Structures are given as C-alpha cells and as structure tokens.
Amino acid sequence: MDIRQLGANLQEVRDRKPLVHNITNVVVTNFTANGLLALGASPVMAYARQEVAEIAGIAGALVLNIGTLNEVEVEAMKLAGRAANERGVPVVLDPVGAGASAYRTETARSLLDELDIAIVRGNAAEAANLIGRDWTIRGVDAGAGGGDVAELARQAALKLGCVVAITGETDYVSDGRRTAAVRGGDALLTRVTGAGCLLSSVIGAYAAVVPDPLEAAVAALAAYSAAAELAAARAGKQGPGSFQIAFLDLLWSVSPSDVERLGKVEVVEG
Amino acid sequence: MDIRQLGANLQEVRDRKPLVHNITNVVVTNFTANGLLALGASPVMAYARQEVAEIAGIAGALVLNIGTLNEVEVEAMKLAGRAANERGVPVVLDPVGAGASAYRTETARSLLDELDIAIVRGNAAEAANLIGRDWTIRGVDAGAGGGDVAELARQAALKLGCVVAITGETDYVSDGRRTAAVRGGDALLTRVTGAGCLLSSVIGAYAAVVPDPLEAAVAALAAYSAAAELAAARAGKQGPGSFQIAFLDLLWSVSPSDVERLGKVEVVEG
Amino acid sequence: MDIRQLGANLQEVRDRKPLVHNITNVVVTNFTANGLLALGASPVMAYARQEVAEIAGIAGALVLNIGTLNEVEVEAMKLAGRAANERGVPVVLDPVGAGASAYRTETARSLLDELDIAIVRGNAAEAANLIGRDWTIRGVDAGAGGGDVAELARQAALKLGCVVAITGETDYVSDGRRTAAVRGGDALLTRVTGAGCLLSSVIGAYAAVVPDPLEAAVAALAAYSAAAELAAARAGKQGPGSFQIAFLDLLWSVSPSDVERLGKVEVVEG
C-alpha cells in the first residue's frame, strides 16, 4: 500500500470521471449525486430491473446501499451486481442499518453471499453485525477503543473476503492482511444525513480508477476527510446546513496537494 | 399547559436525542433527516413491510406523511402504526394534500380510523377536509380569519380525538379542551419545500420526550418559529436557498433561551 | 415568436403561480420543488395511479421525467398524461438517459406515441436517440457543432410533432418551423444534479401560462440562464454547493428586467 499515492488517486478520479452506478436509498440520492459531481465523477442512479444490468455493465463501479431497501430494490441490486461481477466492475456495499432490523441484516448478508463485493463500508456496529459479533451501539456512531475497531475491520475482511472500511472518529480499512487507519474529518459530518452513504459512493469512484481496492478506499477516505476539515474551517461555526454546502464546494476544490498535506494515514499492520 | 417549558423541552430533545421513525414522502426525506439531525434528534427512514414494525417499536416517535403515498407505503404505515400503538410510541400524522385528491383524503381518514394518532399537523384546508368541512383554499396556505382557525383546530381535535396543530401565518394547536396560538416564523418557510413536513417530524421528536402531546406540539412550533425568525434575519434577504441553509444552521444553534425570548405563545382557551 | 416577451412571461409565472404536477425521478424531487417554489410556481408531486389523473387534470402543466423510471411509475405517467391531454393541460417530457438503456429509450418513445406531448427537453444525445439518429456522446453533455444541434432540434421537432428544446452550452428550441438559440447560463450547472430536470419543470411552469409552447420554452431557458449567470457571479468561485443555493436564491430574485438585459436569444430560423 503506497499512501503517497493519495493525491495522484484524486487526480485520476478527476481525469477519468468514472461513471458510478448507485442503487441507493431515497434519503440521500440527491446529496450522493451532487457529491460525486462535485468530486468530478459521473453519477447515475438506476433502479429498474429492466435496465440495471445494462447500466451496471458499462459503469466504472456499482454502489449498493440498503438504507431504504425493499424487495423490488434488492432484486435489482442482485441483477446489477451479477452484471457488474461478470464485467469486472467493482461493487461497493453500504449495509446501512445492518443490525437495526433483521431484514437489513439478512439482506446485507445475502448480497455478500450472492455477489462478489469488493469493498464494504459501514460503521462498527454494522460491520460487527455482518459477521455475527455483538457490538455495543453508542448513539449513531459505534465505537469502543481504536485498537478494537482495527481488529474488527481485519476480522470482518477475513470473514467476508473483501476490503472492509469501518468509519467513525478514526476510520480503519483492512483487507485481512493489511490494515490502515485514516484520521481527520470533522464531527459535523455526523449532522449531515448521507455523509456515510456519499462516502461509500466516493469509494466507488476511486475503486473505478484504482485497481487495488484497499488503496482505493484509503485514498477516498483521505480525500473525504481533507474536504471535511477544510469545509469545517470555512463554515463549521455556522452550523450543519452551511457545513454541508461548504463540503460540496470542497469536494470540488480540494486539491491533490491538500490531500497529501492533510492526509493522516497510518499503516496499522501489513 | 405550561408554556414556560418551551426552553426546557428543547433541551430535553437535545439531551435525549430521540429516534424518530419517518415514513414520509420522497420530496422531503433528505431535508427532514437533516432538520432532525440539526435539531439533535436521530432520524430513521424505513419503509419495507418486513421491518417497519420492528423499527417503529424501538422508536421514540413515528411520523406518517402521505405526501407521495402509494398502496405499498400505506400498508407499511399501518403496520408501523400498529406496532407503535402497541408499544406506546406516539404517532404523528401529516395529511399532506388531504382534499387535493380523493385518494389522499380517504387514506388520511383510514389512518385516523385504524390507528391511535397522537397529533395531526396540517394546514387549515387539510384539517377541514379531514372532518368533512368545506374550506376555501387560497393558494398554498389556507386561511380565513384567525378566530376561525382556532375554532377549526378545536373542532378537529374533538372530532378526531387527538391533538390537532393547524399551521399557517399563525399556528393553532388544540386538544379539544385547551387551544393555543403560536405566532412568529417567517413567510420564506412557504418557499422551502417540506417546511411543513419537517415540522411534523420535529413535533414527533418533541412528542418522544414530552408526555403531553399538546405541550409537545406547542413547544415544537415555538422552537421552529424561533429558528425561522433567526434564519430570516441572517439570510432572508438573499432568498429561499440561503434561508433554507440558515434554517438548518439555526435548528442546530437555536438555544432554549432564544426560544423563550422569541416564543409568542398565547393560550386561546383552556 | 416575440422574444421581447421574456420579461413579461416571467412576470406572468409569478402572478399566476401555476400548479405544476411533476412525476419525476427520486434524485431531483426536492431540488425541483424548491426551484419551482423559488421561481413562484406551485409544485405538486403525485405518483399513485389512484390520484394522478385527478391531480394532472387540475394542474397548469404536467412534467414527466424518466430519470429513475419503473413500470409502476410509467403506468402512472400514462394515466396522468391522458388526463392532461383531455383537459388541455400541456405535457412536458424529459427523456433522461434515453439511449443509456434500451428501457429508457423505449419508454420515452412509448410516452411520445401514446400521449400528446407539447415540449420535449433533453440533451443532444437524448434527442438524437428519440428519433433513431446516432450521436456521439462526449461526457455528460452531448455536443458537436452548434449548427448541427439546431438542425437536430428542428428534425426532432418535425419527427416528434412537438417543440423540442435541446440544452447544452447553447440551447436550441424548435417547433420544426421556427428555431431559436439561447445562449448564456454557466458551466457550474453541469455540477448540480437535476439542473436539467428542474429546467424541464420550469418549462412546464411557463407552458402553463404562455400559450405558445415555443415561446414558453424560450422564455424559460432565458430566465434560467439569467439566474445561473447571476448565481455564478455571486457564488461560483466557492463551488457547486454554494452555486446551487445561490441559484435557488436567484430563481426567486431574478427580475423581468434582468432577463431582458441578460437574455441572449437569437432566431436561427423562422
């Protein structure tokens, strides 16, 4: 894992403008599309079983988000996921609320069973639930000691057979062998709905242009954190509304050198 | 009704961060979630019949909004509503567009028939339609003399057997016995889509922590009006886009003492 | 075509506050409603087959947008479209992604076959696909020489039997006999999701109050471009988030004289 690549990876996203197919929840569609456009990627939302395979097959990445799932949408996710797998298009899964209802937990697991998922991004409680581990949920975020979350990411990656990114105050990314910590960002992100969902789609944009999914996830997290820090400095005192708008502005203007300067990536293992 | 409680009630929402389950329309999901997060509550949107009872059962309040209803969603509302009723979770109904189509009027009435609704929030035309009274609709808002709206709120509360909050230039809240008027706010709220819908969800957040539904609704309206006034002072001259963002900022920063200072609550009766 | 009418047409929208019924995609519902409210129109979103005919029948215009279509929604579009046709309510079609999947292309064509569409608004690739012409897509926008797009608009209008507005760096509007070019706007619009979708709905608002659909479309494009230029001057340097908010502000504050002063409308033919 070459963490000096952070800036170059951002530039690669901007240069190649990857098409990111999102099957995501109704709360965050607009923010997700605007965030991807601001970053320089090209979002497409398509849900109908008549077209998802066709769209996923030409995309650079497919992002599946179960935030407001229903059975029709889950069927579409599987059709899109199979098409993506056949064409070698990386698939990112955001298991929103796994553990909050049995239906979400089971759906997330069945997507992991039936599809070849490249990267899972969620909070610690969601990741723990996916692998059948108890995890105390404390508020919206789910945290215990940092060391534990790193270990959870490693175990989840091993058990799920993919890269797992667990985000929180510190983010941990692991492929089971290599584990990295990404620090930074801003607490106001927890007051913006869809901040995690958009992050999963940004990881998708990176995965479309960076072959190593661990490197893609780490670079995406570092850029996201840098944009959040700069947005908080610009508008954080005003509140979460102004912060959200400044964050979209910063996804557009954050530079590769900003990301290299502000990136706080540490190799925990591997 | 102790209107001096307005500030304390806001603090209670912030301290307890109630989980508010929203089954709401596709236009306002994002704004509703961001408004609740800004205020300090914890929003969850879940629509699938496989999970709504489970989610509603652990929520502090359930908010049903028929703004873009369909038969699948109405079924989910009833499943969620029954689970909420069984667990004593207060249910808020926003009968968006009751009267604009027969389907909306009938659906709103069937929800009121089949569920134990704690609070209805709508405009005067919607409230009048729910109880089968004619009401001249003038533009988006629905208004005649102030006295009439207070009386309409009282009659609707008696007929529907719950608290009714009718919002407009002046808001009226009644449980059939006690009626209060809440003044303030800003006309720019009528240029922000979902301002009424988010208000219904904010009433849900208050109902989760304030046992008396009349007091909950009045306190929510007072906080909402105070935030709107402060937002208009900060950004109203720029237009409804900037006002909307400032309003989210103010839901985050409005203080209990702001609400007590700006709150214009008058007991009309009771 | 009297292009001096641009300012008067905007005033007409503000004075008459037309009800615009949108059956649109889940990504842009909120932005569309806020944009129409800012402009002074009255948006309504309704999707259920039980009510769409009733709502469309009382609307000033109906806007159909296939951005996240599915079979249930397409059925609702046809029900609403037939009701609008029977009542003489103008129908605007936004064929989002026609050409991106077979399902979208076929659906857009079937809506054009079965309904009397007054105005189609799309990019050059979408318009070309609707009439079975090859068109090289270059990125999000679709462009070749300006002259070609004007000719494409004319041919599409003749073949589809309605007004066709093709938007891009320069917009072209044709009814097959008369063709106009509208210049201006700002490239940041391409970084705001739903900028094209909202434009289709704004065209709907104009079509509700301006009898000639060509004049309605041209006046809507001119007002939209003027608002975008003023928004870019106010907030463009900050980025697409701030631009989006300023654009909503400007849809509210752009004046008839701004539109006449900034409007760059040229009659290409007719």
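Order of writing sets the labels: A, B and C. Residues in every chain begin at 1.
Quick note on the criterion: a residue touches a chain if its C-beta (ideal position, glycine included) is under 8 Å from a C-beta of that chain, and two chains touch if they have at least 3 such contacts.
The model shown is predicted, which means the values in this text are computed figures rather than measured ones.
S.K.: If every chain is a node and each touching pair gets an edge, what shape is that graph: line, ring, star, complete or other?
M.R.: complete
S.K.: Can you tell me the C-alpha superposition angle of chain A onto chain C, nearest 5°?
M.R.: 120
S.K.: I'd like the Å distance between the centres of chain A and chain B, where a centre is the mean of that chain's Cα atoms.
M.R.: That gives a centre separation of 33 Å.
S.K.: Taking each residue of chain C in turn, which ones touch at least two of the other chains?
M.R.: 26, 29-30, 244-245 - these are the residues of chain C that touch more than one other chain.
S.K.: Which part of chain B faces chain A closely enough to touch in the complex?
M.R.: 17, 26, 29-30, 33-34, 37-38, 42-48, 50-51, 54-55, 72, 244-253
S.K.: Under the definition above, what is the set of chain A residues touching chain B in their complex?
M.R.: By the definition above, chain A touches chain B via 25-28, 30-31, 67-71, 97, 100-104, 139-140, 190-194, 238-242, 244-245.
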